[in-house]
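What follows is a pair of complexes built around chain A, which joins chain B in one and chain C in the other.
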Partner chain A sequence: MHSFGYRANALLTLSVTILAIMCAMASFSDNFNSPSPSASVEVLNINRLQKLSNGDDEVSLTLNISADLQSLFTWNTKQVFVFVAAEYESTKNSFNQVSLWDGIIPSREHAKFWIRTTNKYRLTDQGANLRGKDFNLTLHWHVMPKTGKMFADKIVMTGYRLPEEYR
Partner chain B sequence: MDESMGEVIACLLSFSEMDWQGQKAAEQLMQIMLIAFAVVAFLTGFAFGSFQMMLLVYAGGVVLTSLIIIPNWPFFNRHPLKWLDPSDADRYPKPQPTVSAKKKSTKQK
Partner chain C sequence: MGWIGETVDSIKSIQIRQALTQAVSLGMIVTSALIIWKALMCITGSESPVVVVLSGSMEPGFKRGDILFLHMSKDPIRAGEIVVFNVDGREIPIVHRVIKVHERQDTGEVDVLTKGDNNYGDDRLLYANGQLWLQRHHIMGRAVGFLPYVGWVTIIMTEKPIIKYILIGALGLLVITSKD
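For the complex of A and B:
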């Protein structure tokens, strides 16, 4: 501690160490938040269900997605990434998961939303299994913190069914 | 503006270095201030729900601490060592290296 340089060095190392501890504590404080998000997805229309030239089924949907994810936000949350995935079983794969729509919620003010949209990404099966298929629509989210641990969870909505015939 | 800044810097450089007790006080003060500002910053950030607030309060604390700790303030030089003048040194007996007999014998073995 006898010169400018030594004192500046000691101050820098200690202050950065303490900053790291503060960030760790901020991340730890997220564990005390118990969120209660809600979501619902309505299939407004099956625009088309057809067999592609390579033999795979493809479906186009119009969805009405509404969600209230405000309780996910804490003081340590940077943004929340959400996506809606169609999940179903087929003879080839025991679990198929196809992302239909996604979005980034930048703040708590934008976390209560509804959106009416056709599927942003194509829902194509590996095969021709989509006719009359029961499927789930699942809202997944990843909470991205400013520092520390990332949280992820989902809401599964069941009871959707595709039409029996191509259209 | 530049002249007054120059005067301030010249004034800071003219201070003599910290003495031993000043160095110890500076280190302890630094640790106490940084930890205190960290606690205050975390609590205000948590209370206001603002991560940015925590960072700003802590940054302010670090700047204030560095202003107090880093320059050679006269406050840290209240117990300066008094050195003899070289011309006086001859009038005093020179310190003799005191080596105990035991140590010497162990070294020789």
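For the complex of A and C:
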């Protein structure tokens, strides 16, 4: 009844259970954080709008991104993955979403930032629908916890428009 | 003579009964594990509800040996989500982040491009030859939860099978020799 194996088993079971409960509680505590992040994205310049040899449109733009995501961080936050995506509708596709820039914020100290950048990933359409196109720029964030459930949300910024002619 | 025979019989019967209980309890352990796994499959809608991260391509978010919980719902796939996908001609599923989504107007079909957070370029090099996009059927699920380090158990067991056999042997021995 009180053999070595029995005690080792009981100890292991108890420690694993406690660890699991602590992880669950840490993840649950994230729910009490109600973040209020802010962001603004400005298109400084449309560097290029051209038709590629395969017939698809491509845009290159320079963005000015500033955001304050400090309120997303809790004690269970490992990092926040943040990215800006262009979102638009075209005749072929009901929804297009192309990531333009992304970054990893490792800690609260780095969560208030601004960056001026050209698009990191190519903004190419499936087709030639980008001239004079209205689009949204959306700042998304994905909170990666030390343990438990992942959170994601976004700020949508509307009212951007591409030029009517290739340049 | 009759007394000895009786004793032998009783000992024999006890052993058989004990062996049977042990077999049943072992069967219970195996089947309950199976039940939990299948129930998870039903709840999450993913054919493998839990995956172990095997590469460092999503560092520093996910390290090798971390465990991800998957969920597969009818919700459309969107950029930023971490999906697990299978590529034709590759056995091991890949866990990467979606960076581009194009959803078709008429059919609702979706073209998805992925990238590992820690990789320099997108995943077109990992896809099958000539494949530019992932479709819905490639995707096994999206990651919703995360548990660090636990996956090392399976990594060690697959890479050092000796340890697996030792563990199974020891457990088997324990089951056989244990007296409740």
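Here is the rule we use: the second predicted complex is superposed on the first by the 163 of 167 C-alpha atoms of A that agree within 3 Å, B and C clash if a C-alpha of one lies under 4 Å from a C-alpha of the other, contacts with A are read in each partner's own complex, and residues count from 1 in each chain.
Everything below uses one rule, namely that a contact is a pair of C-beta atoms (placed from the backbone, for glycine too) under 8 Å apart; a residue touches a chain by one contact, two chains touch by 3 or more.
Not measured: the values here are computed from a predicted model.
Once chain A is used to superpose the two complexes, chain B occupies space next to chain C without a clash. Of the two partners chain B and chain C, it is C that touches the larger number of chain A residues. In the superposed model, A:Ala24 makes contact with neither chain B nor chain C.
When the two structures are aligned on the shared chain, A:Asn76 is found in touch with chain B, with no touch to chain C. When both complexes are overlaid on chain A, the residue A:Phe4 reaches chain B alone and has no touch with chain C.
Vectors from the Cα centre of chain A to those of chain B and chain C enclose 40° in the overlay, to the nearest 10. In the superposition on chain A, A:Ile115 contacts neither chain B nor chain C. Of the two partner chains placed by superposition, only chain B is touched by A:Ser15; chain C is not. After overlaying the two complexes on the shared chain, residue contacts for A:Leu52 are found with neither chain B nor chain C. Contacts of A:Pro106 after superposition: chain C is touched, whereas chain B is not reached. In the superposed model, A:Lys146 lies in contact with both chain B and chain C.
Across the superposed structures, the minimum distance from chain B to chain C, using CA atoms, reads 13 Å. Once both structures are placed on chain A, chain A residues 146-147 are touched by chain B and, in the other complex, by chain C. Touching chain B in their complex are the following residues of chain A: 1-4, 7-8, 10-11, 14-15, 18-19, 21-22, 25-26, 29, 74-76, 146-147. The residues of chain C lying in touch with chain A in their complex are 60-62, 76, 78-82, 97, 99-105, 108, 111, 117, 122, 143-148, 174, 178. Those residues of chain B whose C-beta lies close enough to touch chain A in the complex are 17-18, 23-24, 26-27, 30-31, 34-35, 38, 41-42, 45-46, 48-51, 54, 58, 62, 65-66, 69-72. By the touch rule above, chain A contacts chain C in their complex via residues 5, 23, 27, 78-79, 81, 83, 85, 90-99, 102, 104, 106, 121, 126, 140, 142, 144-150, 152.
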